[in-house]
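The following pair of complexes shares a single chain, chain A, combined with chain B in the former and chain C in the latter.
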Partner chain A sequence: MQGFNVDTSHFLAGAVLVCSFALLYQARLFALLNVFAVQSMMLALAVGWQAHVQQAGHLYITAALALVMKGMIIPGALRRIVQNMKIHRTIETVVSVNLAMLAGVGLTILSIMVVFPIARMAGGLAREDLAFALTIILIGMLVMITRRNAISQIIGFMSLENGLILAATGAKGMPLVVEVSVASSVLIAFFVFGIFIFRIREHFDSVDVDQLSAKRGDVE
Partner chain B sequence: MTSLAFALILIVPVAGMVLLALISSYRIGAWLNVALSATAFAGSCLLFAVPMQTDTFFLVDSFNIYLVALNTLVGFTTSIFSASYIAHELEQETLTRGYLRFYHALYQAMMTAMSFALLSNNLGLMWVGIEVATLSTVVMVGIYRTAQAIEAAWKYFILGSVGIALAFFGTILLYLAAEQVLGEGAAALTWSLLVNDAAKFDPALLSLAFVFLLAGYGTKVGLAPLHAWLPDAHAEGPTPISAVLSGLLLNVALYAVLRIKMIMAGNAGAIPPGPIMMFMGLSSLIFAAIMLYRRRDIKRLFAYSSIEHMGIITFAFGMGGPLANFAGLLHMTMHSLTKSGIFFAVGHIAQAKRTQKLAGITGLAKSHPVLAWSLGIGVIAIAGVPPFGVFTSEFLVVTTTFVRQPILAGLLALGILIAFGALLMRLQQVLFGEPQGPSHKVSASSLPVLLHMGLVLLAGLWLPQILVDWFQQVARLLG
Partner chain C sequence: MELIVGLFMQGLQMMLVLLVAPALVGLVRKVHARLLMRRGPSIFQPYRDLLRLTRKEALVAKNASWLFRVAPYLIFSSVWVASALVPTFATGLIFNWLADILAIVALLATARFAMALAGMDVGTSFGGLGSSREMTISSLAEPAMLMIVFTIALVAGTTQLSAIAGFMAHQPVGLRVSLGLALVSLVIVAVAENARIPVDNPATHLELTMIHEAMVLEYSGRHLALIEAAAATKLLLYMSLIICLFFPFGVATAEGALGAQFAGIVIWLVKLSIGALLLAFGETVVAKMRLFRVAEFLGVALVLGLLSMIFLFVLKGL
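Presenting the complex of A and B:
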């Protein structure tokens, strides 16, 4: 049974990682939103499986939250914003697909090389999960760097956060995981919808961050 | 008694926060804000009177007790400054009443979250406190809703969130390192237990955790090259927020780094944190000192000066040892008091001249003598001229470095001198140039500025023995 448990958790964590790679090369906003929704659902499965394996009932809350908030409500609301702003046809000129994928593979290798030798003592389950999670975090950052659109950057950040939740649930018995995941979902919803996107739009008729950069107060 | 102190610092402000969000009159809101900040300060004074104790969630020792007192004191004086600053903004209609309710509630949220982070014994809770404090300042930075303010808030949000995410990953790694020794559950994140058993942790895992925690919290401290959010956030938000950002939030983030450093010190196999911190500190100092020359915005000027001083402090703590730690603690205190005082003066000056651009602020000595002199004293103090307290602490840092690392001491002194030149050059223009542009009367309370500068001057002339003993004790604790 032990082998099956570990294999399944690796499979699910791997699925979350694959979604991260898919995020890298989506040019259209709707596609990006869909991939993010799938990633969050995969995360919900992975966390749910951890809850089952570790017999930690409270992790089911985190799993449910990932499924409902990040898998459905947030992508749905972002989709409406994109539709209302009529930017769903936008194709972003990002770094070329090949380059982004290569960078993603590089980050994967990097995190495996960093985590495997170090976490030798930390038990198999946590070790691979940690490597997967670190890769997802790094790819999330890569998405945030390569994108020029406020909505894409938020998605990059949320996928980064998915990696964090994966890491936290993989660490057996880690306190505060549920609290942190609840708090971060609320905060993200609050920020994304309440404040930024509407305000950025109010001022710029666009969510392109490049237009923001031109408004820096200290442009020489 | 202890629980009374905690109630005053943590629970009363949270209750007040709800009330502030409901009160529509800005006058009552502003005064309630002052009253709540005073309550928190009273609570922190009470902490000195009761025996220090440590339980699962909270920790009171000589290190954090003094930071809580400093934090709540500056929080209190800033709330007084904020009341007069906000009244003026309301007259100018740059802020609306609805936003002010929000502003006051968030001010209390930020202050409480910082005290919570300082007092918590659990590293996870400390992380939560710092995150809440950061996010409430993000909202306040964007409160003017101008294009520049939103750009600054967006950048702060993105960079701050990445920093806080890295710190959380570091916390997870630290938990994994501790879990093998202390067992699963809350014990493996309890700082007082971690510090005792640090020697038994896996050194490699601990080192990796430190790297993530330093990068994460270092972003909050504003260490180069992770400082990009700091000048914008200081310049575009309301000035009371610049004062608490510079004076307090940077310190709280550094406090988190120092707590982690104390764990690292207990493990012989892990990478030594000192040299990394010294390198980051020194490069922040020199980078910021050079950047000071090209600033055109008065608030950005002092934001870069904050990067410079956080660099000096980080360097001192990275060096370690009783003397360098003592100097670091003193400099932390002096910088907090001086920099927030400077921002009080800058806030009123920007309101009087209706601009933040340095080019538009000249000849203040003629048009606004009181403001000019309070700014002048502040800048002279922060530039490290005797007899102010900043001189004492900078002198201590340089001399201790000189004994142990003469070459680094040279670089340190060079950085301080470069910054000194930039600040005095700017000050000279601001005070003694030909007055130009609009010049309005500002009815400002000088009390907060005078109080801060008085304390800094007092510390430079005569440091009470009890404070010296206290800092020496904390310095030994820091190792």
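Presenting the complex of A and C:
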């Protein structure tokens, strides 16, 4: 039973990480939103499984939050935004996809190398979850760096937050208050982003954030 | 006596892969056509095509060198040997000690090398174009393949296919992310190596997209028959490889009773048919990629292979 528990946790955490790589690969907005939704659902499953294994009831709430908010509401809302604003649906990337994915693999190795020696005292599973979570956070940042489109930057930020939740569930004894406040801050961030997109769109007829560079004030 | 039975079993496998391969291609085409609401040719049409080609005159371009004439035989024989080594219905056949997964990759690489040379030999623009594309794709697919090999070798503790199939069939391997990723990666590599959609379209002669067909454009008659047979055998090989690595249940052993081996053949054929159905279905729902997207697609295979290895190390605790 122990082996099965570990295998399933490993599988679910790995699936969340693989979804992060899929985010790096996808070049279309709708597919990107779908991948993000899948990642959030996988995260919900992983958290739910942890709740079952650790016998921690409050983790079920976290799982439900991840499932409903990030698996359904946020991707749905972003989809509405893309449809209503007729945003160009292919995403321009700054570096090539292959390069970004190789950088992602590099980040994976880096975070494993960093986390494993530090978390030596923690159990095998918590250590692994921490390593994967750090990778997901770093890849979320990578998505934000390598994409020019504001919507995909939001997705990068949200997937970064998925990594935070994964880290929180791997470590035992995370109070529910913290999780709820993180979740609500993500929701607020989402609203801020929404307004931000409307503003960019109003001014530039595009959500390509490169257009903002011209307003920076420095001479080309 | 034991030696004779062993040789017979090995010979049976060699003949079986050769005989089943065209039917497999025919089945894929048939299912593909049915999914498009067409009737499609009979499953046995590839046999008729091959027969017709062998009866036809083999035309060779004036400036073709000996290489052009030798290449089909080289390609066919190396692919055939490679496919004879992959355990299909039984493990532990008499030549299985040779069946190292790296040896099979090397044999296939030899065939590809000969094919690329032959494509450039006559000096037409299409041949060179096809060869260069093929080499580009294989240079991306091969590292991914090596990552898969490493992952599986780390799990099973050996690179010998027969032993791996036995290990996967009888050991409780469990729910492994690494193996799942390696499977996806291997499927991508197999699609690319067999020139199927979305990497290449085997049914078209459109010069903008073709890769495999561009290289064999100059061939005719028995040469073309050999190349077509080799392509069909290669498809069978990759399917058998996926089956033997990831779904080896029901595989017989060479020492077992004859009945078990017969059952092994039936199970193998059923699994191949399922593979053909899935391939045809996949080819129907996916569109052909732009050539420049192919590099990204194969990059996914490489990254998945790398990830599967990393996951394995993580699980074993470094």
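Going forward, the second predicted complex is superposed on the first by the 193 of 220 C-alpha atoms of A that agree within 3 Å, B and C clash if a C-alpha of one lies under 4 Å from a C-alpha of the other, contacts with A are read in each partner's own complex, and residues count from 1 in each chain.
Everything that follows uses one rule, which is that a residue touches a chain if its C-beta (ideal position, glycine included) is under 8 Å from a C-beta of that chain, and two chains touch if they have at least 3 such contacts.
All values derive from a computational prediction rather than experimental measurement.
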Clash-or-fit label for the pair chain B, chain C on chain A: fit
Inter-centroid angle chain B-chain A-chain C after superposition on A [Cα, multiple of 10°]: 150
Chain B versus chain C as contact partner of A:60, first or second or both or neither: neither
Partner chain in contact with A:150 - chain B first, chain C second, else both or neither: first
Touched partner set for A:14, first chain B, second chain C, both or neither: second
More chain A residues in contact [chain B versus chain C]: B
Touched partner set for A:97, first chain B, second chain C, both or neither: second
Contacts of A:30 with chain B and chain C, given as first, second, both or neither: neither
After superposition on chain A, the shortest CA separation from chain B to chain C (Å): 17
Footprint overlap on chain A, where chain B in one structure and chain C in the other make contact: none
Chain B-facing residues of chain A, complex: 114-115, 117-119, 121-122, 126, 130, 133-134, 137, 141, 144, 150, 153, 157, 160-161, 164, 167-168, 171-176, 179-180, 183, 187, 191, 195-196, 199-200, 202-204, 209, 212-213, 215-218, 220
In the complex with chain A, residue positions of chain C that touch it: 174-177, 180-181, 295-296, 299-300, 303-304, 306-307, 310-311, 313-315, 317-318
Partner chain C, residues of chain A touching it in the complex: 3-4, 7-8, 10-11, 14-15, 17-18, 21, 25, 96-98, 101-102, 104-105, 108-109, 112, 116, 124, 128, 131
Chain A partner contacts - residues on chain B that touch it in the complex: 122, 124-125, 128, 135, 138-139, 142, 145-148, 150-154, 157-158, 161-162, 165, 168-169, 172-173, 175-176, 179-180, 184-186, 188-189, 202, 204-205, 207-208, 231-232, 235-236, 294-297, 300
